[in-house]
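Take a look at the structures below.
Shared between the two complexes below is chain A, which has chain B as its partner in the first and chain C in the second.
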Partner chain A sequence: MLLYWLPNFIPQQHYAELSPENTESQKKRDKPLTYEMANPPHYIAHRKTWNSWNTSNLKDGIRRSETALEDEFIRRFMNGTWHGLVCSEIIIKRQFNHIRVAAIIRRAVSPTKMYFLLGYSEELMANWLQCPVTLELQTVDSFKDVVFKYI
Partner chain B sequence: MSLFIKHYRPGSIFKKQILWRLNSSVAENHESEEEFRVLDILKKRDKQQKRVARRIDVPADRAEKMSTDQNWGNVWPGPRSFHPSTVPLPIRQGYVPKGQVPPGKKANAELMKIPNFLHLTPPVVKTQCEAIKKFCTEWPKLLNSDEAIEKHYPVEVITSDYCHASPTIRNPLARVVTLRVKLSTLNLDKHAKDKFLRLVGDHYDEKTDLITLTADRCPMRRQNLDYVNYLLTATYHEAWTVEDWEKEKMEADMEYYDWNNNQSKKNLVNWYHHCSNKDKALSEDEYKSFDISVIDHGEEYKLAVSSLFNDGESEKTINNYDTAVRKLLGLPERKAIE
Partner chain C sequence: MYSTIPIQRQWARLAHVCRALSSLEGHKLPVGGKSIDGISPPLRISRSPTDILQALAATVGVDPTAPHYKYHDDPFLIPQSNYRKRAYALSAEAGRKAATWIRDEQAHLFTTREWDPPMKMKTPYFNADPHIDAFTPRPIYNDESKVTEEDLLYTINNALIEDAIKVYQLLGASEGVNDELKMSLLQLLCFYNEKEPIGAEWLEERWFAAATRERQAATWKLGGLADKIFASMDPKTPEAYCTLIQGMAKYYQAERAHAFAQEAIEKGVPLSTGVYNSLLSCVGFLKEGTALRIDALKGLLAEMNEQGISPNADTLTACLRSISAWGGGQILQTFALQVLAEFKALNIQPSLSAYYYILCLFCKERGQRIDILTSILTDLENRECLEPSDAMDTHFFITAIGVCSDHLQDINLAERVHALLMKGDNYKLVGDAYKESIYYRHLVTVTCRHAPFETTAQLLDMLIPNIYVPEPSVMEEIIKTLEVAGAGDRLAEVWSQLVVFGLAKRIKIVEQLLNALCQCYSYQEDEIKEKIRNAAADMLKFGQLIQEQNENRRTPTQQLSATALANIIDLCADVNDKDDPSWEVVGEALGRLRSEQAVGVPDKPEILASVAKKAANIGKPGIAATALTYLAECGFEEATKACVETLGVMLNRPVEEVQTLLQEPRSALEASLHPSALVIAEAFHLAKTGGPMDSSSSESDSDSSDSD
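On to the complex of A and B.
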């Protein structure tokens, strides 16, 4: 069940299967969805926004592949480092060479550990990516706080 | 062994040692009194230690303790993702079916995604502008209008700087340099202007009178800037040189219709002489330098013919020509045909 709660274990392409359009046969309505999951990808820019904000996404943007690869690396690193704690998508915003990583984290570990993980993640990512990295975290009590609806 | 030594009491050694060897869980009963724990190899502990979920005391939101007259610029000094406990605003975001309430600000990833301008409130912008004011210099007083700027700085160099959200500050498009200058600001005579326009070709825009030179062939901006400057200088000086073969320019090579050099003027002069009974043969140069102001409506006729050839045939030029010819020959004005 815990695996199911973790939004990151459901790949984005499967979100559509969980979307409200496919819920006719689902009677129990016991599957929790976050807002991100409840809106399939074609609602990006209508009901939800992108998870990566950078200028490489724009037309004629430079460093497209590098940025995409780094973003994927950051996502995997965050999900692995904050294992079982990340309750949302990893949001990566870039400004010049500054990378701001935002996420919603569960308060399941002690604040001391959180502070350690914070500094650890920032330091390691800054070393790998050769950019200043800032983590902007928001904490919630449990996964239930990020549930938008049940299907 | 340590256990053995620890529990050494006269008379009880044998019994205790046996007990420990038979079943390690027995020794566990003494755990509360003992300092050392026993290795429980067979995992026979009946008491499983349950993990107690400790609630971490979360302090109240910072937003609730904020005073109403605080300096918001100190709370939110720089760009940062939205944080619900710092922003004292009852914000909601999210699409919901009609009749429902959008999700609140807490645990709302959508609010964290969108860029916010909470660090750029009007008072903060004002203070920052005040702070950088001391680095600004006064605008030159004489350059108070676009015309003055154009007059004193006729050459305009256009380059682009690119800012992106990547670790690199380079952009290949930043090398492109465009130079613009008005043709009228260049010091050119009739021949040089004609040659200059032939040299620049498409780079001249008749409507705006601008010459636009763009260079992107060199890898650096400085090199491209040098190149456009070189292009302008070279074209300008080339326009002023007169080659020997340029004297061979025929009437057919003219880029525009010059009435003075054409048959139309000869015809007019001959006709004028014939009417005044002073028929005489004139040389080519005499025809060219003949002053047509002695002929009534001659100037008007010249303009009409020139515009007919230079501007092309249109209703206006044809009518113009019609009127000029009628005036010249003393014919009555054209009556409007109903």
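On to the complex of A and C.
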């Protein structure tokens, strides 16, 4: 499974799996990782970037807890609404009063249905968060397209 | 760090106060644009909240090669055909509607309000700043709702007709509502004729709404709520009279509208210009015959004069609307020009809708060619900007381009119309999706027919596929133009466009395209020739695919005709390499011809004869045999000659020798000839005598292998 939840509220970054004994022979190399999962957190800003972009997390930023909670809501909402279709982390970018939500989506449903979900998610989140929300999606054929490496 | 937070809050509050003060001050300052003495700063220019955004937007034009921004920027989600464009946009809107429905139904859950700037929350919920109406749930009214006059005001201000009627009844109809609200409700009902309009927030639904031509029939609801409210009003104000008369006239209840107007005049109630405008636009319903109608119209205008009411631009539009609705003819045309001149003398500019009616009146489909458009365009081009003032304004551009295309057939005028539409902010006058597509249909047609090829190609590259996807009739026009220009590469691309636009099932277009490809094949470069061959091969494959898909359906699919198949064979056989995959396509097409899957017979059998010769020449005797057998079976005269020649090529003997050879009995030939050659010999006899070679001969397999 590519998708799993870290049960915390902080913007998620995946930790590369650390195995106690690093013997090549024991590795089956059958666990797929995305690029984001394959890079441990110290590579943020070097090989990969943040999953939440906002100014709340800067020094003296305002409404930190609200932003974190809203981001968690957006992530859960997206994963539930686009059920089984999201193949990447959900990136949330905030600019002024505008929230842009980016994700990679599997082409498992017809474009018409995708457009329905698009309109639905944008409008419902806009009403919930009281600001314009834009979805920025990219589509891929299957989960396999986002696999960066196997461990 | 934590200790600074309260101070920050204070700061924020201070900033808030400062902001409020500065905006107050701003209102006090004199407003204007220029500095008074050249030294002191210029006076404040008041701007609307979106002015800067509009100024920024004006710096970038529209990119015609990109899909419209309402579609998602992803190859999977970009629509390519008209059907998909419509389906995708409406799906997204359906999603938005679903979300607002959930919000309204579950209003008790949508109570959180974001707060910004971050100050202390005073009330648990409603201290959002600014408060945004668009994000608040809409109230739902039913029989149990407890309503006040505020609800009625809210529904009226938001043009929620059905809700307004419901609230009005819940409030106790005419007894429970004050006169002012009654008046507003009457205005609302009269404007919309008690029918719920499509909400202003549903842009796509309005854009794609089926173009139903407004019926010119009395649709006014007689004895409806509007009539009742008017009856209950006492005293009846002039405003009420004006509203009701305008409503009736708008929905073609002409006689009653005029009767009410008469009643108002008798009672000494002053009427407005708007009332007379609406009366003028339906004056034709009272009288029959052009002369009487013109008299009635003149009478109304005279009456306006008596009442001391000055006309405006809408009066001119209303007059012309009536005149254009009465048909055509010399009398009406002169009358319309008189009216136009009269208003020009009053310094009233005709609006776009006025010009639309003029075009309707002068440029009839069957009739004299009258070039009135040139002067109209000159007038419009000299105006700074075109402001829409009437719903019919959006009809002007499609009518104007239609006149250029069908009536005047003038490319220069069409280009002028297009330039006018593209000027400034004028594109908003294009109307809706339906009108836009008609507009481009006319533009592309007239360009294809009358413009030089470079201009046409440029226009097509710009419009297709993102702005406009051609309809079948326009596609035929485009193919014709490309054929005349001999643009082989573009023609080959047309096939892939047909597939993408969902037009590839239209056999008529495909056959026309094949014909065009054959016509201009011979003088193309080798690279383009290969492209054309691939396109032809793909057409055959596509036809089979469709057939396989439709096998279980009852409705038969249209098939490529025999002529079209012969064209495919002609194109694909133009390869000199024996192992080229094109030969497979040729064999496939021949097989379909023989198994009678095609309609009719080819109108150029000599193509098949030459292909047979060529196939024999490069060592594909099976294909040669099939082609000749098919020719013989169809009974073409060319068959005998072609058989002899092909055999000559195959056996490498002169024609006379072959002819003597063919006289020999079948048994002798069977021993000496290659099976394919034998089949050709049989075809020769079939063509010559109309029967098989010998009674003893067994049916040989015509599709024998082409191994040597």
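Heads up, the rule we're going with is that the second predicted complex is superposed on the first by the 128 of 151 C-alpha atoms of A that agree within 3 Å, B and C clash if a C-alpha of one lies under 4 Å from a C-alpha of the other, contacts with A are read in each partner's own complex, and residues count from 1 in each chain.
What we mean here is this: a contact is a pair of C-beta atoms (placed from the backbone, for glycine too) under 8 Å apart; a residue touches a chain by one contact, two chains touch by 3 or more.
None of these values were measured; they are calculated from a predicted model.
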First, second, both or neither for A:113, with chain B first and chain C second: second
Which superposed partner A:53 touches (first chain B, second chain C, both, neither): first
First (chain B), second (chain C), both or neither touched by A:151: neither
Chain B versus chain C as contact partner of A:87, first or second or both or neither: first
Partner chain in contact with A:138 - chain B first, chain C second, else both or neither: both
Partner chain(s) touched by A:68 [first = chain B, second = chain C, both, neither]: neither
Chain A: partner with more touched residues, chain B or chain C: B
First, second, both or neither for A:124, with chain B first and chain C second: second
Touching both chain C and chain B, counted on chain A across the two superposed complexes: 62-63, 66, 97, 107, 111, 129-131, 138-139
Residue numbers on chain C that touch chain A, as the complex places them: 1, 4, 8, 72, 74-77, 79, 84, 87-89, 91-100, 102-103, 110, 112-114, 116, 118, 128, 132, 135
Touching residues (chain side chain B, partner chain A) in the complex: 54, 56, 58, 79-81, 83-84, 94-95, 103, 106-110, 112-115, 163-168, 171-172
In the complex with chain C, residue positions of chain A that touch it: 60, 62-63, 66, 97, 107, 111-124, 126-131, 135, 137-139
Chain B-facing residues of chain A, complex: 34-36, 39, 43, 46-51, 53-56, 61-63, 66-67, 87-89, 91, 93-97, 100, 102, 104, 107, 110-111, 129-131, 136, 138-141, 145-146, 148
